[in-house]
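Each of the next two complexes has subunit A plus one other chain: subunit B in the first, subunit C in the second.
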Partner chain A sequence: MASLLNIENLKTYFFQKKHVVPAVDGVDLKLNKGETVALVGESGSGKSMTSLSIMGLVPKPGGEIVDGKIMLEDINLTELSEDDMCKVRGKEISMIFQEPMTSLNPVLTIGEQLVEVITYHQGVNRASAVEKAIELLQIVGFSRAEEIIRDYPHRLSGGMRQRVMIAMAMSCNPKLLIADEPTTALDVTIQAQILELLKNLTKEFDTSILLITHDLGVVSELAERVIVMYAGEIVEEAPIDEIFDEPYHPYTEGLIKSVPTLTGEIERLYSIKGNVPSPDSLPKGCRFASRCNKVFGRCLEEKPQLKSISNSRSVRCFLYDDEEEVE
Partner chain B sequence: MIAYIIRRIILTIPLLLGVSVLSFGIVQLAPGDPTALMMDNPGISQEDREAFLEEQGLNDPVHVQYVRWLGDIVTGDFGESLIYQGTPVTELIMARLPNTLLLMVVSALLAIVVAIPFGIVSARKPYSLTDYTVTTASFLGMATPNFWFGLVLIMLLSVHLGWFPSGGVATLNEPFSLLDRIHHLILPAIVLATAETASLTRYTRSSMLDVLDQDYIRTARAKGFKQRKVVYKHGLRNGLIPVLTLIGLMLPTFIGGSVVTEKIFNWPGIGLLFIDATFQRDYPMIMAITMISATLVIIGNLIADILYAIFDPRIEY
Partner chain C sequence: MTLPEKDISKNQTITSPDINLEVKQKPESLWRIAFDKFMKNKLAVSGAVVLIIIIGMAIFAPLIAPHSPEEQVLTNRLAPPSAEHPLGTDELGRDTFSRLLYGARVSLTVGFVAVAGIISIGTIVGAVAGYFGGIIDSILMRVVDVIIAFPQIFLLITLIAVLEPSLGTLIVVFALFSWTGTARLVRGEFLTLRTREFVLAARTIGIRKGKIIFSHILPNAIGPIIVTATLQIGYVILAESTLSYLGLGVQPPTPSWGNMLQAAQDFSIMLYAWWYPLFPGLMILITILSFNFVGDGLRDALDPKRKN
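This part shows the complex of A and B:
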């Protein structure tokens, strides 16, 4: 499969008065054409910053990409000027966000918000942009698209707004769609509909998705591959059909165990003890050591590297450092 | 919308009644009466004075006077001035009102035209040198009393440099000339506009800062729009909605400010008329001007609300 996105050693830091926060600290990530990859991890692990780095929208002042390459096919996005990056955003790469309620402009009609992006990137006239907008709204599931186009966002529910966001994101046939927790703010039935929609769209438009979430249920619905992030680093990477049955990293194991099951039995929900270490006081050794239930001496002294275990899996953990230790 | 406006206009009636009762009472509470100054004139005796008070009905109890006044008002009769004997109050006011309105409108426009761009520039680069400069200037503008600022300007620009006339609406005994009128208008308009410009700048800045931090701005950027388009198309309209309200609410401060400004620049508007009327206890005049000001304030509020409804689709009536 041809590679679409290739991130190498991405470092996005926040420079604050007293200290430097390494929000993304040396991330390598590959995404193939048409593939859906999930990026999971607890709050604060750097998922959003990774995606904003790809979009070139790292919050300024303060945030900065200090190192690394982000290759979209054969262009390095980190080297593009702001003007050139504007031609990539919304066209080659688009993004939908967690908060559908506030992500649409309250004073512009739904139609205007769709039309403006179509005319901007595709250089078509208004009339055909309006036509395209109606068509897109139908694709994302609005039956009265001609009316919705004149409505303002406040008249739509959260699920409907997220559909509008998806229509907007898909309007220029992007190669990559970044979905940052697209269903977190929605209730369960709506979540399922939105996921279904995303699944169908990627097939139809042949778009790759970088799906950011901390909900492993969502992951199993949509993704082919999972990348687990912890404290700014990737700690494990695995195909979807292996990770649930055989997680390698103790952190991944914890994440999977903490997903509530629908078996009906009332079980105490597992939670990983402790918190993500604050990014300005990271330990010398493994960043997960203080919370790990398999920690041993070396973890506190040395920093583990991301290591390939097979051609589809890799993990950052000393448990897998020697062949013998792999169970 | 029309129904809403009509409802609002009907609601102003009890409001104006309340204002009239309060101000009528307060005016009567003030010591002295319109005859105080007459007594300086040796040609007027104590008997003349009593006769005057009786004739004007000023010896009646307050509530009787109020009801009489209200009855006249309803028929559109604001009474006659006690000082400029026999001249209807409305006639005196109408002669002055255009001057005041001109000053207020020009100052308001000046405030808006200066404040909004500076507020936006400040918000686009918060904590930059530009922002600090604008912020400092705004605080100075807010802290400067307008009577002092007016006097300083007169001293510097009129007395020392002779660039501007020190008062009045036009050069005396000369035919009407637009340039001359503008020349006279500049200093009073600046003085009246200063405080409002300053607070409007601050308000625009914080409103824009707030808006530029919203999720839909991030969405607009994710669409690939350049920063200019993001700020002006997606930010500005949202940011200006609360500013509009403030502009409507500026009126009371403006009316207060215009009284002081008119006094300093000897600007023959109703502010000046009001000061004279207050010193001489010209009751009908004080009441008429108060009622006009109250009406202006209410209209300002109404306009602010209507603008709000026009610009914010979330407001529905």
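This part shows the complex of A and C:
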């Protein structure tokens, strides 16, 4: 499969008065056309900053991409001017957010917001943009699209607003959709519907999804490949059908164990002790060492590198150093 | 975008007649909601009615006025209200009612034009400072601080004393030195609004900064801006009256509510011709009060989040 997005050694740092915070610290990420990849990690692991870096929307002042390349096909997004980036956003890459309740402008009607994107990126006139907006709303599952288009966001429920956001994101048939925790704020039944919708749409339009989430249920529903991030770094990468059965990195293992199950004996829910180390005081060894249950001497002294274990899998952990040498 | 064949045909056959209709009706329905909400607010409606009457009287002053505002009948000075002079006459025997009508023209013109200037400058400065923040914000807000540091009324008096006192000068001076409050208010609104998720969402679909500032964030701040605009109109009319009262505003014989009050400040006039100071004062009071009521009503009506 052809590669769509290719991130190499991305470093997004925040410069504060006294120290530098490496929010994203050397991330390599590849995304093929039509593929759905999940970026998983705790709060503060750098997954949202990775997505904002792709969009060129790192919060300023303070945040900056200090190193690395973000290639969307043949274009290096980090080198584009703000003007050119505006043409990429919404057209080539679009994004949906965690909070559908606040991501729509409360004083503009649904129609105005949709029509604006369509006229802006496709250069069509208003009347045909309105027509297109209605079609889009029907595609994302509104039966009364003609009425919805005149409504203000406060009249819609969370699930409906997320559908509108999806319609807006898909309006220009982007190559890449970044979904930043698209279902976190929705209730479970709506979550399933939204996931189903995303799945169908991406299949139909051949859009790749970069799914950012901490919900492993959503991951197993949608993604083909999983990338686990911890403290600004990728710690493990694996296909979806392998990672749940056989996680390599102790952190991934911990994440999977901390999901409550409905089957089997009810035990106390597993939790990974401690917190993500503060990005301004990272240890010199493995960043997960202080919370790892398999920690040994070397972890505290040396920083592990991301090693590929097989074609499709790689892990950043000394536990697998020997195995690799054996192979 | 490619659509499933079935959807296109269904959609076009069923809904295409409605689509054109919808485009035409949309802005109407939006204002309709605001209008309905506004009509439910009794105070605002009565304020609007009073304002329409005052504005109408100012526009049609030549038709309504029983006398010319400058016609002097020196034998009939300080005459009490009567059939011929419904609100009495002034110290030169001019008809007070006619002069009030023409004075309304001056006061309202100064109010509207100066406030249009105040709101434009204040909104642009505040929006830019609030949206971009950082160094741009610091520079613009220090300029605001410098202007605010001067006591406003003395600044106006000094400037008008230096420049030629006239209607145009008044308007320009008001517009140039009264926008600071609006700028601070708009900046404050923008500071909170720019961090809202819909702004980030608008940026992720490629909308440019100018458009985000003026067509995405600004409509969210329009309520407070309208309220200050109406309050400002009251303030400007009052300031114009103050300056005219001090003899620095609109120069006689052109009547304005302020210079009519000034002419009436003589102790003997206040004592023996109560109608002369009363009516201009009353007009200022009623006009400012009405503007404030209308402002409140508009704020509630234009906010789609506020449910009735």
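What to note about this one:
By definition in this document, the second predicted complex is superposed on the first by the 321 of 327 C-alpha atoms of A that agree within 3 Å, B and C clash if a C-alpha of one lies under 4 Å from a C-alpha of the other, contacts with A are read in each partner's own complex, and residues count from 1 in each chain.
FYI, a contact is a pair of C-beta atoms (placed from the backbone, for glycine too) under 8 Å apart; a residue touches a chain by one contact, two chains touch by 3 or more.
This structure is a prediction, so every number in the text was calculated from the model and none was measured.
Bringing the complexes onto one copy of subunit A puts subunit B in a clash with subunit C. Residue contacts after overlaying the shared chain place A:107 against subunit B and subunit C alike. Contacts of A:312 after superposition: neither subunit B nor subunit C is touched.
By the touch criterion defined above, A:139 lies against subunit C but remains apart from subunit B after alignment on the C-alpha atoms of chain A.
In the superposition on chain A, A:97 makes contact with both subunit B and subunit C. Of the two partner chains, neither subunit B nor subunit C is touched by A:16. In the superposition on chain A, A:152 makes contact with both subunit B and subunit C. Comparing subunit B with subunit C, more residues of subunit A are touched by C. Once chain A of one complex is fitted onto chain A of the other, the partner contacts of A:127 are limited to subunit C, with no touch recorded for subunit B. Using the contact criterion defined above for the overlaid structures, shared-chain residue A:76 touches neither subunit B nor subunit C, since it reaches no partner. In the superposition on chain A, A:275 makes contact with neither subunit B nor subunit C. The residues of subunit A shared by its contacts with subunit B and with subunit C are 55, 57, 85-91, 94-95, 97, 99, 102-108, 116-117, 120-121, 152, 154, 165, 168.
Contact residues on subunit A toward subunit C in their complex (touch as defined above): 55, 57, 61, 85-91, 94-95, 97, 99, 102-109, 111, 116-117, 120-121, 126-127, 130-132, 134-136, 138-139, 145-146, 149-150, 152, 154, 165, 168-173, 204-205. Residues 1-4, 7-8, 11, 15-16, 18-20, 22-23, 26, 29-30, 133-134, 196-198, 200-208, 215-216, 219-220, 222, 303-305 of subunit C are the ones touching subunit A in the complex.
Contact residues on subunit A toward subunit B in their complex (touch as defined above): 55, 57, 82-83, 85-91, 94-95, 97, 99, 102-108, 116-117, 120-121, 152, 154, 165, 168.
Residues 214-216, 218-227, 233-234, 237-238, 241, 311-314 of subunit B are the ones that touch subunit A when the two sit in their complex.
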